[in-house]
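Shared between the two complexes below is chain A, which has chain B as its partner in the first and chain C in the second.
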Partner chain A sequence: MAALSRKWDPLFVLVLGSLVFSCKGDVLKTSNDRTESISATKIEESSPQAADLGDLRQSDEAESNEDRKAFTPPPPNDQFQEEMVIRPLYSGDIYASFQFRTQWDTDFLHDGKKAVSHYRLFPKSLGQVLSKFSVRELHISFTQGYWRTMQWGQPFIPSPPGAELWVWFHHTVTDVDGNWKELTNVLSGIFCASLNFIDSTNTVEPSASFKPLGLGNATDHRFLRYATLPREIVCTENLTPWKKLLPCGSKAGLAVLMKSEKLFHSSFHSQAVHIRPVCKDWQCTSTAWELRQTLNVVFDLYTSGQGKKEWSLFKMFSRTLTEACPLASSSKIYVDVTDNPGGELFDLSPSSPLISTAVVLGDRRTYSVYDLTKKETFGQLRSLNLLLRWKGESDDMLRPPLHAERYVSGFGLQKGEIHTCLYNSHPYRAYPVLLLDSLPWYLRLYVHTLTVTSKTRENKPSYIHYQPSKDRLRPHLLEMLVQLPPHSVTEVTVQFERALLKWTEYTPDPNHGFYIGSSVISALVPSIVAMDTNSTRDRPLFSSFFPTKEESSYFMRVYTEPLLVNLPTPDFSMPYNVICLTCTVVAVGYGSFYNLLTRTFQVDEPSAPLAKRLANIIRRLRGVPLL
Partner chain B sequence: MAKFLFVTICTVANLFAFLPVIHGNNFETKATQFFSSGHTNNWAVLVCTSRFWFNYRHVANVLSVYRSVKRLGIPDSHIVLMLADDMACNHRNPKPATVFSHKNMELNVYGDDVEVDYRGYEVTVENFLRVLTGRLPPSTPRSKRLLSDDRSNILIYLTGHGGNGFLKFQDSEEISNVELADAFEQMWQKRRYNELLFIIDTCQGASMYERFYSPNIMALASSQVGEDSLSHQPDLAIGVHLMDRYTFYLLEFLEDIHPASQANMNDLFKVCPKSQCVSTPGHRTDLFLRDPGSVLITDFFGSVRKVEITREAINLTNPTELPQDLTSLRNELKSEALFYVDQLPVADIIHQKPKQKDWHPPDGFILGLWSLILLVFFKTYGIKHLKHIF
Partner chain C sequence: SLISLTSVAFLLRGNCKHVRTKDSPPNICGFNLILVPDIKICRLVNVKTVIPMVQLLNWRRGLFPQTKMAAPLTLVLILSVTIRAVLFRSSLAELISERVEVVSPLNAWKRGLFCYYVLQENNISLFFQTPLVIYLFHFVVDYAEIVFMIVDGITAVALYLAVQNYNKNVFRKQKYALEADRYPHDCLELMRSPKEMHYIPLKVAMFYLLNPFTILSCVAKSTCGLNNAVMALFILSTLKGSALLSAIFLALATYQSIYPLTLFAPGLLFLLQRLYIPVNPCRSRFWFFTVQYSVMFIGSLLVIVCLSFFLLGSWDFIPSVYGFILSVPDLTPNIGLFWYFFAEMFEHFRFFFICVFQINVFFYTIPLSVKLKEHPVFLIFMQIAIISIFKSYPTVGDIALYMAFLPVWSHLYRFLRNIFLVSCVLLACTALFPVLWHLWIYAGSANSNFYYAITLLFNVGQILLVSDYFYAYLRREHHLSQGLYLRRKDGSEATLVLK
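Let's turn to the complex of A and B:
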C-alpha cells in the first residue's frame, strides 16, 4: 500500500499543482480585467501604469544610450517671435496689438520632393491646407467693430468689419475656382466660421488691388480671389481655434492675456492670420514661409476703463504676464511714449531702460521696450503689470492723411445712391488711391450715373475697371485709380435700384437688412519722415508688415463702413393668406351657387301641436274629417 | 494511507466541482459586461433652433448640455454643436462673451473653449437632416460631420419653439415628427448608431417622439402634448429669461455626475417632476432593447472607453538624419535675388492692357439669330447656293 501511494504521490501532486495553477491564472486574469476597467474610467489613475512603463523604458534606454549619443538633431529651421504694442489713443482709449510670427524655412509647393511631414512650430492644419490647395498667400481676418480713423489714427494692420479672405494661388493651379471653393470650406471648419457662405455671388477677382504682400515676380490676377462676409459674427468660438494655432497655445507668453471676456468687451476686436513667402535672409535668394497671427483690440475708456484715464495690463486683460513663451526667440512689449518725452503726459511703471525708435506709418515713434525673455523685466513679484497713469491732457491728434466714409442716400425701397467720400488732409501733396468696390447683384447699379468730383469739379479717374454683375452668379466689381488733390474731399457717387429676390433667397430675418461689404482704398500716402526701404534690417514686427519700396511714401489700406440696405421684403405669410382666402371664397361662393342649382325644395308640413294631434286621433276614430 | 488517498481524492473531487463554478462566475460577469454596453464611441448632436435675443434661454440650454457632455469626456471632434444665433457676442448682451444659466451669473456656460460647428444661418432643417443621415457635400470639413458607425452611442438634444408634431427652425421653417422619425430610420438602416438618446425641450415636446419606429431609441421630452414647457427665471441685468426649467434641473442633475458614476436612466426620468417643471416630462423606452435601469448615464453623456493597457515595451528605431542634399540642391537652383512686389504700381495700372477674355462658345440667342439669317438667305436665293458653302 505504501509503495502504491508513493507511486501515485507525484501524480497527485502534479494534478493538484496543475489545477491550482490554472485557477490562479484565471484569478490573475480577472483581477487584471477589473483593474483595467476601473482605470479606464479614471484617467488620473493611469499614472501608476505609466510609471511602470517608464521603468521598463528606462532599462531599454540604458542599453541604447550609446546609439543615442551618436545622433544629434538637426538645427531647427523655424523660429517664433511674439510682440505686443500698446498705444494710448487721443480719445482716452487704448490700442493693443499682438503679433505672433513663425518663420519656417521650407517649401510647401515644391513638386517632386517628399511632402512636408514634420511640423514643429508651424501649425500642421494650416500647412496641410497650403500644400493641398497650392496657396501662395493667404490672408484671413475676423473683425468685430469698425476702426474709427478720425478718433484713433491709423491701425497697424487694417481690417474690415466681418470676415475677409483673400488668397493668391500658385501659378501651377489649373482650376482656381474649384480650389477656392474647397479652401473656404476647409477654413470654415478650422476657424468655426460660416466661411462656406463664400461662393461665386460674393467672390471677386480684383485686377489691380491686393497685390501680393510676399515675395514673387509673377502677378497674374487670375490667381487672386477676394471675398468678404460683412455679417460674420466674431466670438469666442473663433478665438479658440486661433489660439490653438500658436506654438505655446494660450498657456505661456503673451497669449496668456487673451481672455475672451475682456477681449470682446471692447470697441474694436480683430484677429487675423497672414501667410506669405518672405526672404529667408538678407541676401534674399531663397524663400521662407511666414505665418503672422495678429490681434488688434481697442478698449473703450468708459465701458472697460470705468471713465478713469488709467490703464494697466490687469485692467485691460484681467491677467498679468509671468513668463515668455519658451519656444519664442524674442518676446517683447512696446509701449508708445512719443507723446510723453519728459514724462509729463502719463506715468509708465515699471519703467524700462530700453528705448527704441521705429518708423511706422510714416512717422518716427519712440517706444519703451520690455524684453520678456529677461528675468529682470518681471521684477520682485515675478509678474509684469504695466501701468499707465495719465497726469495731463493731451493735445489734439494729427489728422490722418487719408480717411474715407461711405453712406447710402435716398428714400424708399426702390432707388438709392451710394456716396463714398475720400478725404485727403495733406496740405500740399496729391497722391493716387485705388478704390475697390464689390457690390452684390441685388443692387442694380446704373453705371452711367457714376461721378467722381473733387472740389466741385469733375475728377476723371486714370484707370477704371468695371465688371457688371450677373443675377445670382456674380457681384459688381468696380476698381478706379483716382488722384486726390491736396486738402480736398473727393466724392464718388453711383445710383442703384433694389431688386426683388425670390422668396427662398431671403434670410430668416430679412427686415434687418442686407449688409454690403466695405470698400477698400489702397493708397501710397506721403510720409512725414523718410521710410526705411532696407528690408533686411532687424525691425519690430508691427513696422514690417507692408513692404516699403520708396522713402517718401508708404502703402496703407483704408476700409469704409459696411452698408446696411433694406430690400423690398414681401409678407411671408401671404401664401397662407391666399390659400385660406381662396378656399373660403370657393367654399362659400361656388358652394352656394352649386346648391342653388342642384337642390330640390319640398314643402314640409309643420308638425301640429299636441292638442290638435290628439283631437285628430279622436276624429279619425269617430270617422269625422280631420282638422 | 488509504485515509490519505481518500482525502486527496476528496480534495480533487471538490476542486473539480468548484472549478466550473469559478470559471462560470468569470464567464457570467464577462457576459454581463459584454451585453451591458456595446458601444465603442460616443457622439453628441446639440441643436438650438431659435433666433433673436429673447430666445437667449434656448442657447443657454444647449450650451449647458454641451458643457456637461464635454466635462464628462466627449471631445469637441465628436460633438456637432449648432447654434442658430449668437447670444454671447450679441450687442445687446451686457456681458459679452458670456452666456449665463442662473440669475446670479454664477455659471458661464459659454466658457473659454467652445467650438460651434454650425452657426447663424447655417442651422436649417436641411443641414440638420444632412448631418444626421451623413449626406453632406464632399467639401464639408470633418468638424461639421457626424462620423458615427454602428457601435456609436449618439445623444441628440433639440431645443427651441415647438408645437404638436413640429419644431420651428429660425422662425422660418419647421421639421415635423414624421421627418425626424424617417431620418432616424435612415440612420438605422445605414447602421449609423448603436443606441440613440433623444432629448427635446420645447413646448409639447412629447409629440416629437410619438412617431419613432426604429429600434434602440430612447426619448425624453420636457412636456406632454397640450402642455407648454416653461422657462425658469429672468435676469434683470440681462433682461431675458436665462434658461428653461427642464434643462435647468437637468443641468443640476448632470453636475452631480462624474465619469465613473453609476447613475442610470431611471434617475434621468425622475429629473424635474411636475412640482418643479409645471409641465409633465415624458419618456419613451419601448423601442429600446435594454432595460433602462441597466443603462448608465455615462453611456450617452460621457465617453467611457475600454482601454487595453499593454505592459510590453516598444523599441523606437533611431531617427534618420535628414538628407543633406536637399538644401544644397535648393541653393543651386535659386541664385537670383527675389524682391517684393510693388503694392501700388501706378504706371503699370494705368497702362494695363485689358485681360484676354476666355473664349466661350456662342450663346443660344446668337446661334438662333445666325440660323434665321441663313434660312432667310437660302429661302430667297434658292437651295442651290448651299453647294457653294459645303
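Let's turn to the complex of A and C:
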C-alpha cells in the first residue's frame, strides 16, 4: 500500500499544483475539467492516507515561500457532501430531494474587511456577498408549484411558492435596510431572479417566526428581514446560476441529473440556498460556514410517469449516474423503503445491501443507501439507474401532524375575509404554533375583527404581534401564537377591505388579481419517536437541517397556499377623460361662483336695432332730432 | 279685538282665509292702535301682504307670537331616535356602515375602532381619526349607538336654537329698516312674516334629523356626526354672540378636519356685526376684536393639539391625520371628486393637482367674505356647502349639515331658477349610487366609470343648488334695495341680468 502511494506521489503533487494554480487567479474555478477530476478521483481512491487534500497542500506550500507571500492560502478545511433522497409518495408520485453541502471553516465576518480572498469549494460570488453585507444567515428559495402536504406528507425543507428570502444580518450592521436593499439587488443578479422587486412594501421583520437556524442566539429581530415574492416564476434561468454554485457544476456527481427540461416538467420544483454558521466540530470551539443547496422535485404520476407506477432515474431525469462528484467527501443516494420492508410494495433494483435508519420529521425511516463513491455501486454497466416498480397498492398515508390551508371568502371587490385553517392531527397532544402573515398594504386589514376558533370555541392567541401597514411603505405583519387542541381544526379569520390603487400601481394584468404570499406556520410538533439531539453525529443531510434541541419534539414549518386577491380597478384607458371631466366640474363650480361674485345685477336695456342706430347717426349729422 | 281685525280686513277687500282666527296671534290687542298709519301702505300693495304686515307691526310692539315649540321639537326628536334605533337593530345597520357614500376612511367607525384597538393592544399610534376622537372611543365604544343618537339630537337642537336666534335678528333688522322706510314700497312682498318664520327652526331640526343622509350617517356610526355637532355648536355660540365659545368650537371643528378653518371669516364677521364694529381696516376697534378672536381661536387650537400630544406622547397624528386629508393617499371611492381623479392622475402632475384642488376649497372664502360681509350667516351656509362639495373625503353626512339650512332660506324660493331640476338630479343620483356601485363591485357588469359619472353628476347638482341659492340671495338683496318690479327707461317691464 505504501509503495503504491509512493508511486502515485509525483502525479499527486502535479495535480494539486495545478489545482492551486487554478485557484490563484481569484476566480471561482471549480475543477470542471473532466480528465483532472478523474485523476483526482483516482488519487482519492488509491491513497486513503493522503486523502486529506489540505495536508498535502500545506506541505506543498511550505516548499514555495514566494507563493505564500503572494496570497494567503485558503485554510485546508472545506468539504463537500452531496446526497439525494428518493421518497415514493402515496399518491404514486415520486419525490426526489437533492442536498449539496459545502462546509468551510472560515469566518467572513471576523476577518473584517480584508476578507477571504481565496476560495476553493465555496462559491466566491456568495462568499463575497456574505462578507460585503455582513450577512449572518441567508436563506433563499425559488419554488414553482405548491407542496401538497395532505397528499405528499412533509417535505424535508419546506418552501413557499414563488421566491422567499430571509436574512439575518450581523449585529454590527448599522444600516440594515440599506444593506438589505443592496443585497436583494445583488442576489437578483446572482440568481437571475426578480428579487430586486423586494422593497419596503413587502419586507417584514418577524419577531418570532424566523429564528436563526445556525449558531448564535440572536434575538433582536431588527437584524432580520423576511420577504416573499409569491408571483415569482422559477425556470431554467434560475437553475443555471444555482448549478454553477456547485463545486462540480453539473458536470459530475448527482448534479448530472439536473436537466431542466425534466426538472421543470414536474408538479413541484423548489431550489434553495441556505447559508449559516455552524459548529466546526463536536466541541464547537470555532465556527464554520455551511452552504446548503437543496433542490426538491416531485414528479407527477400522470404527466411524467405516463400513469404507470414505474420510476427510474432515467425516466425521471433522462440521465443515469456514472460517478460521484470527485470533490465530494461523500456522495449518496437514499431511497425510502420504510413502507416496503419485505419488498411487497415495490421492487427496487439494483438493490443495495446498505440500509440506514434515520429519525426524520418525527418518524424513524429506513433507507436503502447507494454510495456513489464506491465503484461497485455502478455495477457492470458502470452506470446506476435505480428502478422502482410498484407491485401493490399503498394504503392511506398517515396524516401529517400539522397542516394548514388558507382562502379568501366573501364576494365582490369591496371587502373580504381571510380564513386560515390549521389542522392538528395529533390524536392527543396539543401544541402551540406560530402563525405569521405578511399582507400587502392594499388589503386594509381590520385586526380588531381577528377571531381564532377551534372546536367552535374561541381560542385566544397567547401572543399577538401586529405591525400596521403604511400606505405604499410597508406591509401588515401579523404574528400570533395559537395553541392547537389535539385532533382539531383551528380557524383564524380576519376581515379586510380592498383598496383602489393609482392606475400606475396595478400590474400589467390587473384583472388577474394580486398574489398574496403564504402564511408561515412554525411549530414544535410532538414527535412519535425520540429525536436525535446529538448534532455532532454523522447524519444524512436531509435529517439535519433544522436543529433539534429536545428529543420529544421536532421543528416543522408549513406554508399555506398563496392567495390571489382581486382589487377594484379604474378604467385604465381614460386618464385624460377623467382629468378633463373632473376639471370641468370644478370649473363649473368656480365659474358659477365667480360669476355671482364679480358681477352685479343690472336692468337689461336692449340696444336699439342696427337700422335705427344708423338712422340716428345720419340724423345727428343732419342736425335733426333723433328718433 | 278679533272682530275689529276681521272687519278691517274686509274693509281692505282682503281674503277671508288670511284672517282666520286660529292663524292669528293669540294676543292681538294692540292691533287697532297701529293699524291706522299702516293702512296707507297696505292699500298700495298686494292684498296678500296685509296680514303679514299686521303681524309684523304687531311684533314691533313686542307682540311676536311665541307659541311653545318644545313639544313639536320633542316629537321630532323622539321620531328620529325611533327611526335610528330601529335601523340600528335591523340587519341594514351593517350594510349601511360599509357604504362608501356614508363612510369615508376618515370617519368610518370600523377604522376608528381599528385605530383604537391597535393603540390599545400594541401601543402603536395609527391614525385615520384625530386622537381626541380615538380617546373618545375609549368611553363610547360600548354604547356607541346611544352616543351617536344623542350627538345627532344635540346638533339638531343647536341648529334649532341658532336658527331661532337668527330669525329674531332678521326680524329686528327688518323692523328697523321698515321703520326707517329703507325698503322700496313694492318690496313688501319680500318682507318676512312671523307666521312664515315661526316654524323655520322646527323645520331646520326636522331637515337635519329626518334627512335620510343624516340617518344613514348616524346608523353607520360615522364620526361625521360628531363633526357636524361641533359645527352646529360653533354656529349656535356664534349666533348667541359668545366669542370665546365660538372660537373654541371652531378650533375643535378645525382640529377635526382642517376645512372648517374657512368658517373663521363668517364667525368673525358675525361677531363684529353683533358688536356694531364696522369692517374697516382703518379702525383700531376692528383690529382689536379681530386679534382677540384670532388669539382665542389659535389658543384653543393649540391647547387641543397639545392635549392630543400629551394623550399620545407623539406628534405622529399631525402627518397621519392632516397629511391624510391634504395629500389624499386613500383612493377609496366616495361621493367626492378626488378619488377617481387622483387614481387616474399622471404621477408627475399629482402634486400640482392636489395643490389646485385643495386651494380650491379654501379659495372661495375671501371673495365670498367680501361679497357677503353683511350676511355672515348666509356666508356660513355657503362655506359649509363648499367644504362638503370640494373636500377630499366627503360623505352624505356633510351634505346633511348644509341641507339642514335650506328651510332658513325658504323665502328665496321665488328666485330659485332650477330648483326642480337640481332636486331631481340629486334624488336620481342618490338612488343611482348604490345601483352603480353594485354593478361595478359586485355584479362586475359595469366598471368604475359608471360610479364616477354619478359622482360627477351629483357634484354638479350640488354646485348648481348652492350657486342657485347664492344667486337667489343676491337677487333678493338687490330687490330690497332697488325695488321688486323694475322698469326700463321706457317704462316696460325690465329683466334683471348679471353684468
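Keep in mind that, in the parts below, the second predicted complex is superposed on the first by the 496 of 627 C-alpha atoms of A that agree within 3 Å, B and C clash if a C-alpha of one lies under 4 Å from a C-alpha of the other, contacts with A are read in each partner's own complex, and residues count from 1 in each chain.
Rule of thumb we're sticking to: a residue touches a chain if its C-beta (ideal position, glycine included) is under 8 Å from a C-beta of that chain, and two chains touch if they have at least 3 such contacts.
What you are looking at is a predicted structure, and each value in this text was computed from that prediction instead of being measured.
Enquirer: Give one of first, second, both or neither to describe whether A:Tyr302 is in contact with chain B, with chain C, with both, or with none.
Expert: neither
Enquirer: Under the stated touch criterion, which partner chain does A:Tyr407 make contact with: chain B (first), chain C (second), both, or neither?
Expert: It touches nothing on chain B or chain C.
Enquirer: Report for A:Thr507: first if it touches chain B alone, second if chain C alone, otherwise both or neither.
Expert: After superposing on A, A:Thr507 lies in contact with chain B but is clear of chain C.
Enquirer: Name the contact category of A:Trp282: first (chain B only), second (chain C only), both, or neither.
Expert: The answer is neither, since A:Trp282 touches no partner chain.
Enquirer: Counting touched residues of chain A, say whether chain B or chain C comes out ahead.
Expert: Of chain B and chain C, more residues of chain A lie in contact with B.
Enquirer: Considering only the touch criterion stated at the top, classify A:Phe601 as touching first (chain B), second (chain C), both, or neither.
Expert: Once the two structures are laid over each other on A, A:Phe601 reaches chain C alone.
Enquirer: Tell me which partner A:Arg472 touches in the superposition: chain B (first), chain C (second), both or neither.
Expert: second
Enquirer: Using the touch rule from the top, collect the residues of chain A that touch chain B in their complex.
Expert: Within the complex, chain A touches chain B at residues 1-2, 4-5, 8, 12, 15-16, 19, 23, 26, 30, 33, 36-37, 39-43, 46, 49, 52-53, 56-57, 60, 64, 67-68, 71, 73-74, 107, 113, 144, 181-182, 185-186, 188-190, 192-194, 196-197, 207-208, 211-217, 219, 221-222, 231, 233-237, 240-241, 259-261, 263-265, 279, 283-287, 432, 434, 462-463, 481, 507-509, 522-524, 535, 546-547, 549, 555, 572.
Enquirer: What residues on chain A touch chain C, complex-wise?
Expert: Contact set of chain A toward chain C: 411-415, 446-448, 464-468, 471-472, 497, 499-504, 568-571, 574-575, 578-579, 581-582, 585-586, 588-590, 592-593, 595-605.
Enquirer: Which residues, counting only chain B, touch chain A once they are in their complex?
Expert: So the residues of chain B in touch with chain A come to 1-2, 4-5, 8, 11-12, 15-16, 19, 22-23, 26, 29-30, 33, 51-52, 86, 88-89, 95-98, 108, 110-117, 119-122, 139-144, 170-172, 259-260, 304-309, 311, 313, 315, 318-319, 321-322, 326, 330-331, 334-346, 349-350, 352, 355.
Enquirer: Write out the stretch or stretches of chain C touching chain A in their complex.
Expert: Within the complex, chain C touches chain A at residues 98, 100, 110-111, 113-114, 116-118, 121-122, 124, 126, 329-333, 337, 339-347, 353, 357, 360, 364, 367-368, 370-371, 389-390, 440-442, 447-449, 452, 456, 459-460, 463-464, 467, 470-471, 474-475, 478, 482, 486-489, 494-499.
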